[in-house]
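What follows is subunit A paired twice: with subunit B in the first complex and subunit C in the second.
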Partner chain A sequence: MTDDALRIGTMRFTNRLFTGTGKFAANAQIPKMLAASGSQMITVALRRIDTTAQSENILDYIPKEVTLLPNTSGARTAEQAVRIARIAREAGCGDFIKIEVITDMKYLMPDNWETLKATEILAKEGFVVLPYVLPDLPLAKRLENAGAAAVMPLGAPIGTNRGLETKPLIELLIENCTVPVVVDAGIGRPSQAAAAMEMGADAVLVNTAIATAADPEAMGRAFDLAVKAGRTAYLAELAEASGIARASSPLTGFLDD
Partner chain B sequence: MDIIVNGVTETVSPCTIAELVRCKGLATGALVVELNQQIIKQEQWPAHQLKPGDRLELLSFVGGG
Partner chain C sequence: MSFFTVVEQYQKFDFERFFSEVTDSAIERSLAREKPGPMDFLTLLSPRAAAYLEPMAHKAHQLTVQYFGRTIQMFIPLYISNHCNNRCAYCGFNHNNPILRRKLDLDEIEREAQAIARTGMQHVLFLTGEAHHITPMEYLLDAARCLKRHFASVSIEIYPLEVDEYRQLREAGVDGMTMFQETYNQEVYKRVHLGGKKMNYHWRLNAPERAAQGGMRAVNLGALLGLAEPRSEMFLTGLHALYLENNYLDTEVAISLPRFNDAECGDFRPDYLVDDKTFVQFLTALRIFLPRAGLTISTRESAAFRDRILPLGATRYSAGSCTGVGGYSAIKVEQTPQFEITDNRNVDEVAAAIVAHGYQPVFKDWDCIE
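So, the complex of A and B:
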């Protein structure tokens, strides 16, 4: 294994854990988490400012070598997502964009149809488009054809920490997509991140599970180790499971045999 | 004159974007300004005189997943 880097757009990532900036108790935890996890890509969101309060600039807490992945959260239509993406790029956040269009406020399910429409528009405008979707193989192929740089299926609803509830559907994407598959949302434990990587996901995006841990820095390190373990296991090719026991030690040639 | 700032109508005296931002005491580092759905870069703020009915969005990056 000489070069196992992940390529998305023109960027090369040697770390397959993507992280997010939401829900940290203090922004100062973010650079510590990034250093501990080795994460090379992190999401940010765009919002109207509160003109009555002075707020920190979250970008000040993200080292320059880390790729910014602005999201279009808050968008309910493709048009709104496109508008947010253009603003983010104009604001100097680069060409990467995570398309997140949500119309269902109870389960925060991504609206795959609006997401596809936004992907078609933004890919033509030269964005590196990473759409956040429900895992749906025909849709994923349409996203690829529309120019998506990756697809990001959810493991479970945002912020639920329930893990890979959609595993069989994500497996179909992994087997059939030509662009990288990044499992986004729902991963609550390092073991779940390892499981996603073992089955061949190209990367995972973890925010809540790290940001709301008692020690986000240590949890970032734990996720890094899990992602590396899972990726290494995938490349090593897992041994098959069996319904009956198969002795690991020779059963003959000892004492009474 | 009336302008709409982040969806709320405000009465202001005639000014440029730069003056409005200063007047509100906003930190400019992270501020992204959209005027009538067009991004206005920071170096252009002093040149943009606001007109009645202008729709201004004052945005910034925040934590998100």
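So, the complex of A and C:
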């Protein structure tokens, strides 16, 4: 493999672990985690960015070489997401935007319908749009047509650490989407991240599992290794697991005799 | 449909008997349940479950870190009027109390806002008593618009409104409402609410639901623990939150646990006192029952206690609070507060204590962008 870089928009990523800024005990842990994990893209909720802050500004903790992926967390409608995206761009956060529209505060499920509407508007305005969605193939194709730069299906509800519960649905996206598929939300363990990469996801986004670990720096490193292992296995074309034993003395071997 | 249909279901429920029949194995089952139901919640609120405080605390801690991370959202209350026509036996603003009544005019609200903004606080909760003719809708709307210019998020803790009035405040920039039912027990409610519109139990009970219907992003509930038997009060508060979560998926629901402290003003003596151990049991049981609900801890609680309960399920802290009118910008203040504050630290001190305990104080968690 000569160049296995992931391209999203005009950016090129050699590391396929995306991270997040939420839930850390202290913002000072973020740059350490980024260095340890090698992550080249980090998502940050615009609602937490405080440019007028007397309290600290979270952006000061993100090194320049790491791509900012502002997200629209807190938006409950496409209109709000669009407004947040524009504010993020004006605030100097770049053209990348993760659309997160959640109208359900109980399970925090993304609202696919509003997300599609916001994607249609923002892609036309030149944003690099990464929509966070429930894995749904027809929707993913619509997002692609609307100009999404990637699709980000959830593996399990946000913050649950339950892993790839939506695996069969994500597989359909991986098989059929032309844009990168980034598994976002629900990944609680490095082994689950490895599994997502093995099945052909282009990247994973992990926040809670790293931020709430007793040692976020070490956990960031563990996820980096897992993502690399999973990616390498995918590229090496995993042998299919088989329920049928392969006897060293084949039953039909006599036919070749 | 109203939450009252749920209250009714438990009106004849024999809580004492239920508690007396709770077994250790029932508590262990409830504690292990992935999705605890109302009866699991009640089991965890039982006196017997106090013996399981440590495992309850561990589970509450784990759930809180999982869903909220190690963060505490900060807010500050701003009293803009203490005029009140209600006669609530336990309240410092009781109409019968001969205290100096003050209502801030818009210039004074502006000065208070500037003083608060200097502390770094970005989420403000403004409060009034219930005096419709003195603090009418127009006044509330003006106050909201004024505060919105200074803060990322503005919430209200005022008298109950109509759905459309909540909608108007929403449009003026208010995104959250707090409403304490005080007690879910109708008899006790009647006994302590002796005059004014607040005597109407149902009008108040349905206010959080009307706020959700009016588009408020966040609703915060609470029972004033001590007025009626606290375990059943906590139970109904939790069910009220669940009712709102289930019916208004797009509304964030949070719960406060106000309790009487020893220094409570006035002659009122509550029938019950909730000690620290029971308070922690309530806090952890709430977290286990409602993993995603906000849990608000005010400055009614002492500094030392607030620091210790950070990892036990709390998600929202007030700080630097003054519960008198005009207290932040030193407008001539009548010192009678609505209730006594026991955590008197300023915003920086509370934030520093939160950091020292391994948590991040979050000053800005939402910007009401409409």
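Quick note on the criterion: the second predicted complex is superposed on the first by the 236 of 257 C-alpha atoms of A that agree within 3 Å, B and C clash if a C-alpha of one lies under 4 Å from a C-alpha of the other, contacts with A are read in each partner's own complex, and residues count from 1 in each chain.
Following the convention adopted for this analysis, contacts are C-beta pairs under 8 Å (C-beta built on N, C-alpha and C of every residue); 3 or more make two chains touch, one makes a residue touch a chain.
Keep in mind that this is a model prediction, so the values were computed, not measured.
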Touched partner set for A:L59, first subunit B, second subunit C, both or neither: first
Touched partner set for A:N71, first subunit B, second subunit C, both or neither: first
First (subunit B), second (subunit C), both or neither touched by A:Y234: neither
First (subunit B), second (subunit C), both or neither touched by A:G22: both
Partner chain in contact with A:F13 - subunit B first, subunit C second, else both or neither: neither
Which superposed partner A:V44 touches (first subunit B, second subunit C, both, neither): first
Which superposed partner A:T103 touches (first subunit B, second subunit C, both, neither): second
First, second, both or neither for A:R86, with subunit B first and subunit C second: first
Touching partner for A:T208 - first (subunit B), second (subunit C), both, neither: both
Subunit B and subunit C contact sites that coincide on subunit A, given as residue numbers: 22-24, 27, 46-49, 54-55, 83, 87, 159, 208, 211
Complex interface listing, subunit A residues touching subunit B: 20-24, 27, 43-49, 51, 54-60, 70-71, 73, 83, 86-87, 90-91, 93, 158-159, 185, 205, 207-208, 211
Touching residues on subunit A, where the partner in the complex is subunit C: 22-27, 46-50, 53-55, 74, 76, 80, 83-84, 87, 103-106, 108, 159-161, 208, 211-212
Complex contact set, residues of subunit B against subunit A: 5-7, 24-27, 29-32, 34, 37, 39, 41, 57-65
Residues of subunit C touching subunit A in the complex: 65-71, 118-120, 122, 152, 217, 245-246, 249-253, 292, 351, 355, 358-367, 369-370
